[in-house]
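Shared between the two complexes below is subunit A, which has subunit B as its partner in the first and subunit C in the second.
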Partner chain A sequence: MSQALFQTALYASLALCALGLVWRASAWFLVRIGPDVREITFSERVAAVYRGTIAALFSRDLLGLAGAFFLDVLLLRRLFAHEKLRWFGHLLVLVGFTLLLSMHALAPLVTANLFQGYQPTLAPYLLLRDLCGAMVLAGVAMIYFGRRRPQPGLAQPRRPLGMVFIALLGFVLLTGFLLEGHKIASPRAFQRMTERYVGYSDAQELEPLRALWASEFAVAFDHLKAPIDPGLVAQGRKLHSDACASCHARPESAFVSFPVARMLAPVTGLLDAARADVWLLYLHVFACFLGLASLPFTRLFHAVAVPLSLLVNAAATNRGYSSAGRAVQRALALDACVRCGICDARCSVAPLARNLGNAGLLPSHKLIASAALANGRLLRPGRESDALRAADGAFLCTDCGRCTSSCPAGLDLEDLWQAARGDLVAAGLPAPAHWVQERPALDWAESLGSGCGLHAFSDADAACAPLSADRNSFSRCVQCQTCTNVCPVVAHSIEKADGVDLTPQKVMNLLRLGLRDLALGSRMVWDCATCYQCQEICPERVRVTDIMCELRALAVQRLGAVRGTRGRS
Partner chain B sequence: MKDASCISCDVAVIGAGMAGMAAALFAAQRGLRCVQIGNGGSLLFASGLLDLLGVYPVAERRLWRSPYEALALLAREQAEHPMARLAVASIRSAFESFVTALASAGLRYAPLGEFNRKVLTSIGTVKTTFGVPRSMIAGAAALEARPPCLLVDFRGLREFSARQIVATLGERWPGLRHQRIEFPGAESAPELYAAHLARALESRLMRERTINLVKPLLGDARAVGFPAVLGLARAGEVHAAFEEALGMPVFEIPTMPTSVPGLRLLGALETAVSKLGVRRRHQASVRALVFSAGAGPATLELDGAQGGERVVARAVVLATGRFTGRGLTAYRGQVRESILGLPVHQPDSRETWHQRDFLDPSGHAINRAGLEIDSAWRPLDAAGRPAWPRLFAAGSILAHQDWMRAKCGSGLAIATAWGAVEQVARQLRRVGAG
Partner chain C sequence: MKYALFLGCKIPSRLPAYELSARAVLGRLGVTLVDLEFDCCGYPARNVSRDAFVLSAARNLALAERAGLDVLAPCTCCFGTLRHAIRFLHEDAELRLRVKQALAAERLTWSGNTAVEHLLPLLAREIGADTLAAAVCAPRTGLRVAAQYGCHALRPSNVARMDNPMAPTIFETLIRATGATPVDWPRRLDCCGDPLHEANGPLAASMTRGKISDALESGAQAICTVCPHCHLRFDAVPAGAADPAIPVLLYTQLLGLALGLSAKSLGL
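Here is the complex of A and B:
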């Protein structure tokens, strides 16, 4: 391979990678998420990161940081807690790739200096190289097949370029194994090596060595097919031990490349004629360079952002975040999320998302919306309905915290949602409750009403609010007031003249009377804290809280129409 | 066969009303591993007063001062009545055990003694009962001695009117007065809810503000009565603070159900059974109950908010109540037990369910419908044999009693739970030995 070409390509891809990293990292200091960090400047954030890093490195926090590095970054503890298969895949890739990079790609710099007499064609390197390659391949397969199925009936979140990187990685490994296999089987490679190290030119004198290499090293000579004369092989052994043995072990231990060599044997002549050794090497190396250059632009970037995020979290465990640090961490979270979907699967309002047909309620979609809001794309003309759906998603969240506690990257998603809500309000997209509370419940009953009359429920209603469309779910209510008695929202508003307009038991009574529309805009429905005390204690086991949530969802769906956009799309 | 959603136990108690709670409590006290299934919401309809037996015979409306004498007579005359199946000593132990457990969970009763007591109700009538919470006992004393007495109520608390009580009782109790006050901080609230007031009064500040409103109204009063809103989980503390600050006996009068004393009772019983290790499935209901032949266990398939679950139990106590508790279901032609479809002792035809006169003193036949049991508290199948060797029943689901008219609701629940659990323990020992 031309040294100049190699170096040009290497430095070009390193430069691209570096530029890309700077570009991605600059976002952590520029992107603004949340009204509380709007005034914080670029330099304040840089200073905060600098101070935070110094403080973490030169204090007892270093221990915690080291622990987090070992458990969270290297052993991927958080992923282990949720997805064993993908955890194992990640671990295989992490170990295999790191070893390949350091011991194989950087062999002249690393391995040759560490191990006296290192030759890639000696044992155990033949075995180890293949083992690492196989680990990466197996790991990638586990990650791919262990991925979460999308939420049924809801749009998939847009993912950063993931397959690009997986394809590149696969290509590098494939060309690596092919190249290795081809070199084992290639008579041309044998020819080149003997010219350099044996020095004989006479074809006949090399015949015993050829016989030995054909029978024990799998070189595919056209004229030396089994059975090979054992006497000839024995003759070749002397020459082999003088000229070859110090650098070559038998290749069977390369448990992937060796079978590849066997498979390639019939076409080795053709490949040699086509100089496969050269172009396979080019493909292998340039694919590596491409991978390097594209690192900041594909989903592999999470391999940078997630460890950083985890370490920043660990550093902040004891001393907490400054506002500037918080700003950086939020922007970092946008890059660290790979839309793995673990949070979506645990999201408390996922059933609501399905009922409303609005995937914007799910955490992975909310994160994307937060990014789009931060860079202004969400507020561009023509995206009004996306913006409203994002706002509904942000405000129908119950802050249960399950997304944060399940995130394998340890992202503080609740903080992100809180910040995004502030931004949405500032952008003129307040909570649905805000719109609702502008007018009394009776007004809403007209504008949000189904117009279907008493006891009539459209199919759309039944899909969105199955409990309140089913008389059996509330007809048992005996109006005993227990729900109202235990309701903290009602208790709190005892002191306020503008407190809740209805109590939970009155909302249930409206349902019994077929006056559900009257409840849709009521403060009780919208101020409900979803603490579930009423539902837990109801002597008639009416699902009071679930019904309140449903009514809210139904109102949001109708509110979409009132606000001039479609609620469902 | 062991999986996460399957729990095994000695006894599964189905029902979490008074009888179910008592059964779970007694079983756990005997060291049996117990699972309890059912929502305790029906306890919210309790007044906090524990009746034992107030009226016998029902048709004569004869009131008794000594419930134990009444029980002795009942045992002689009405052998099929569930409470007649127990020795008086057992009933006494059951009650003592029950109120001791409540006290350990923070809900204290006045010492039980030998006699029924008379207490005021929220509409000014007088009720005969047996177990009286500490916070209400001064009311019983006041009702007997009738000293000058002030009843206080709160504007906006609709289920309680001091004025009505005075209007009903005033002629017979000349020193009885009433005063209405604003609940501090809720002057503009159109409507108040008892539990919210109870919770608010657990704060010292709110207590002091309320007491300061009452003090100037005391006059010559030697006792003060309030609706039962003096605290929830810390009711004892709140009541003591009122007595100390007002310098005289303070008593609560039970409000209409669902009431604060009901919430206290539910809370205390939940605490008491949980402390003894009873595993509660209060959001679940039994979808299917399957018995195995011989000495094998019963399997209960549960439906619940958290999805399905299976309970494998060596014995089962059915304490599912009557119609409101959904232990019994009334169909057009007949009444059936709800989970297993067990035969129910009932009037021959629907025409004879009720008397002509709704207020007929002898009550209605349908009120005495319920499960027939053998001497070991086991419900009978259609052939008159125990439906399963280790299925027991307790509480109001049992036939031949009219607890409402006899004023024996809590007594029936607690006593029959005691009797059934005694048999559970005996049968399990037998199976264990065999």
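Here is the complex of A and C:
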């Protein structure tokens, strides 16, 4: 391989990688998630990271940090707790890849200096190279097959260039094994090695050695096809032990490449003629460079962001961070998430997400929406329905904390959700109780096109709110006001300017009058505490509270349909 | 006695002391608790979709039925929601069909055999207040506490089926069993305000403060709770000179102390 080309490509990909890393890392200091960090500047965040790093490095925390590095980063403890197969896959990739990178790719710098007389053909390097490659391959397969299936009926979250990274890694491994296999099978490689290390001038003298390597080590000589004369092979063995054995491990110890060599035997002549050893090496090396250059832009970036996030969180146990620190922590979380789906599977509102058909309730989708909201994409024209669904999802979260406790990257997702809800409110996308009350009840009724609130029940309404659809459930109301008298909400809002507009008995009366749409946006319906005092005491056994709950669900559905962008600021 | 423990969302994330003390006390009293992979009871979806809320609840009931267990819900709101879902499923055949189909997609069925129980009747009736009183070795004599039932433990009474919704005594009886004295407070059956804290913060705070000052004026030294929502609510409302705070104690903690369990094992 041309040194100049190699060097140029190496430095170009290193430079691209470095620039990409700087670009990605800059986001941690610029992206704003949460109203509490909106005012925090770039320099304040840099200062917070600097102070935090110094504080962590020169304190007793360092021991805890070292522990976190060992257990969380190297041994992937958090992944082990939830997904054994994927954990094992990651460990295989981590070990295999690190060894290949340091001992094989950087062999002239590392291995040659550590081990005297290092040659790639020597035992155990021949075996170890294949072993590491096989580990990475097996690991990737485990990660792939151990992956979480998407929630039934819900879209898979968008993943950060997942396949690009896998394809590159697979290509590097494939070309590596092919190159090694081809070199084992190649008579040209045999000739080069013997010229260099055996040194016989007469080609005929090497014939026994060729016979041995052809019969036992899969070198695909055109003229030496089975059956090979055993006498010749026996002679070759003598030559082999004198000239080769001391410096060359038995090729079959490359337990993946050797079978590849056998498979390549029929085309080895062609490959040799086409100089496959050269272009396979180019492909192998340049795929590695491409992987290096694209690291900041593919899913492999989680190999940088997750360890960082784990360490940052370990240093900030119990949320001991300033707002500036939290700002960085949240932005980092967006990059550390690979949408592995463990949180989605553990999410306690996942059944609600499936039933409502809104993936926006699931943690991985919420994280994507948080990022889209932070960079403004979610609020662009044309994405109104995405934004509304994201808000619907965000405000149904129960903060149960299962996503946080199961996140293998150790992300403080609860903090992220809380921050994101703040951003949604600021963007004019609050919880239903708030967006409904942004407009007076009468205004909503007009938007529904029902004039003063008269509206016939559709079947869908009846299924969603059967009590309010059935006049038998409220027509018994005699307007005795007992419900109003016991209502704590009425009691607490009396004489307050922003008190409830109606009373429970008036809501029932609207239903009796067929003016249900007028009730949908009323403060009484949305300020109901669902304490069931009214329902319990009603002398006519009207299910007042159950009806209030139904009216809210109906309001979310019907008013949501005509909500549009009007409420946005 | 064996139950599937339905912790819900609030207890593990916000009030782990409730889980700790409930396990400690019930363990001492010989109740076996089984942990199943429960999800949200459905409560948050009540304002959004009746189907989604009932389905989420029914899914949990089906999980318990598959394990052959009844459900014990220490959270009063989860208790109420699960019970409401059962009621809706019983009275609405079309809803029942939709839920059945949705459950079938997950190879689950619910034939209506799961009972949902609350801590108060479990302790007062299944185990018995007398049994509790006999097991008490460190009576909390002289402690005056205000029993906070929580709305969904009592109302609607045909769903909760716990006690007389206008004049309940079950909680006070259980408090007496620990040696403590229940106080009579006019607002004991009122809402704590928690369901409104996101929709209308000032209104919620006004309701909570009203209850706290009522408990204090009635001579209570602490409010005793059996619901994480109520409990956290009383803890969360900021106190001031005009709005004094009051200690909040979970009933499982009060009982645990009376049973001689260590404060640490009760999350105190």
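Methods note: the second predicted complex is superposed on the first by the 406 of 569 C-alpha atoms of A that agree within 3 Å, B and C clash if a C-alpha of one lies under 4 Å from a C-alpha of the other, contacts with A are read in each partner's own complex, and residues count from 1 in each chain.
Operating definition for what follows: a contact is a pair of C-beta atoms (placed from the backbone, for glycine too) under 8 Å apart; a residue touches a chain by one contact, two chains touch by 3 or more.
Please read these numbers as outputs of a predicted model, since none were measured by experiment.
In the superposed model, A:A465 lies in contact with subunit C only, and not with subunit B. Shared-chain residue A:E536: touches subunit B and subunit C both.
Of the two partner chains placed around the shared chain by superposition, subunit C is the only one that A:C549 touches, whereas subunit B remains out of contact.
When both complexes are overlaid on chain A, the residue A:Q481 reaches subunit B alone and has no touch with subunit C. Looking at the shared chain after the overlay, A:V490 reaches subunit B, while subunit C stays out of its contact range.
After overlaying the two complexes on the shared chain, residue contacts for A:P440 are found with neither subunit B nor subunit C.
In the superposed model, A:G231 makes contact with neither subunit B nor subunit C. By the touch criterion defined above, A:P432 lies against subunit C but remains apart from subunit B after alignment on the C-alpha atoms of chain A. Of the two partners subunit B and subunit C, it is C that touches the larger number of subunit A residues. Looking at subunit A, you'll find residues 536 touch subunit B in one structure and subunit C in the other. Listed in rising order, the residues of subunit A touching subunit B in the complex are 480-482, 484-486, 490-491, 494-497, 499, 503, 536-541. Listed in rising order, the residues of subunit B touching subunit A in the complex are 39-42, 44-45, 183, 185-186, 188-189, 192-196, 199-200, 257-258, 263, 266, 282-283, 285. Within the complex, the subunit A residues that touch subunit C are 152, 347-352, 355-356, 392, 396, 398-402, 414, 431-434, 463-466, 488-489, 492-493, 498, 526-527, 529-533, 535-536, 543, 545, 549-550, 552-553, 556-557. Only residues 8-10, 12-14, 38-40, 42-53, 55-56, 59, 92, 94-95, 102, 105, 151-152, 154-157, 165-166, 189-191, 193, 195-196, 198-200, 202-203, 206-207, 210 of subunit C touch subunit A when the two sit together in their complex.
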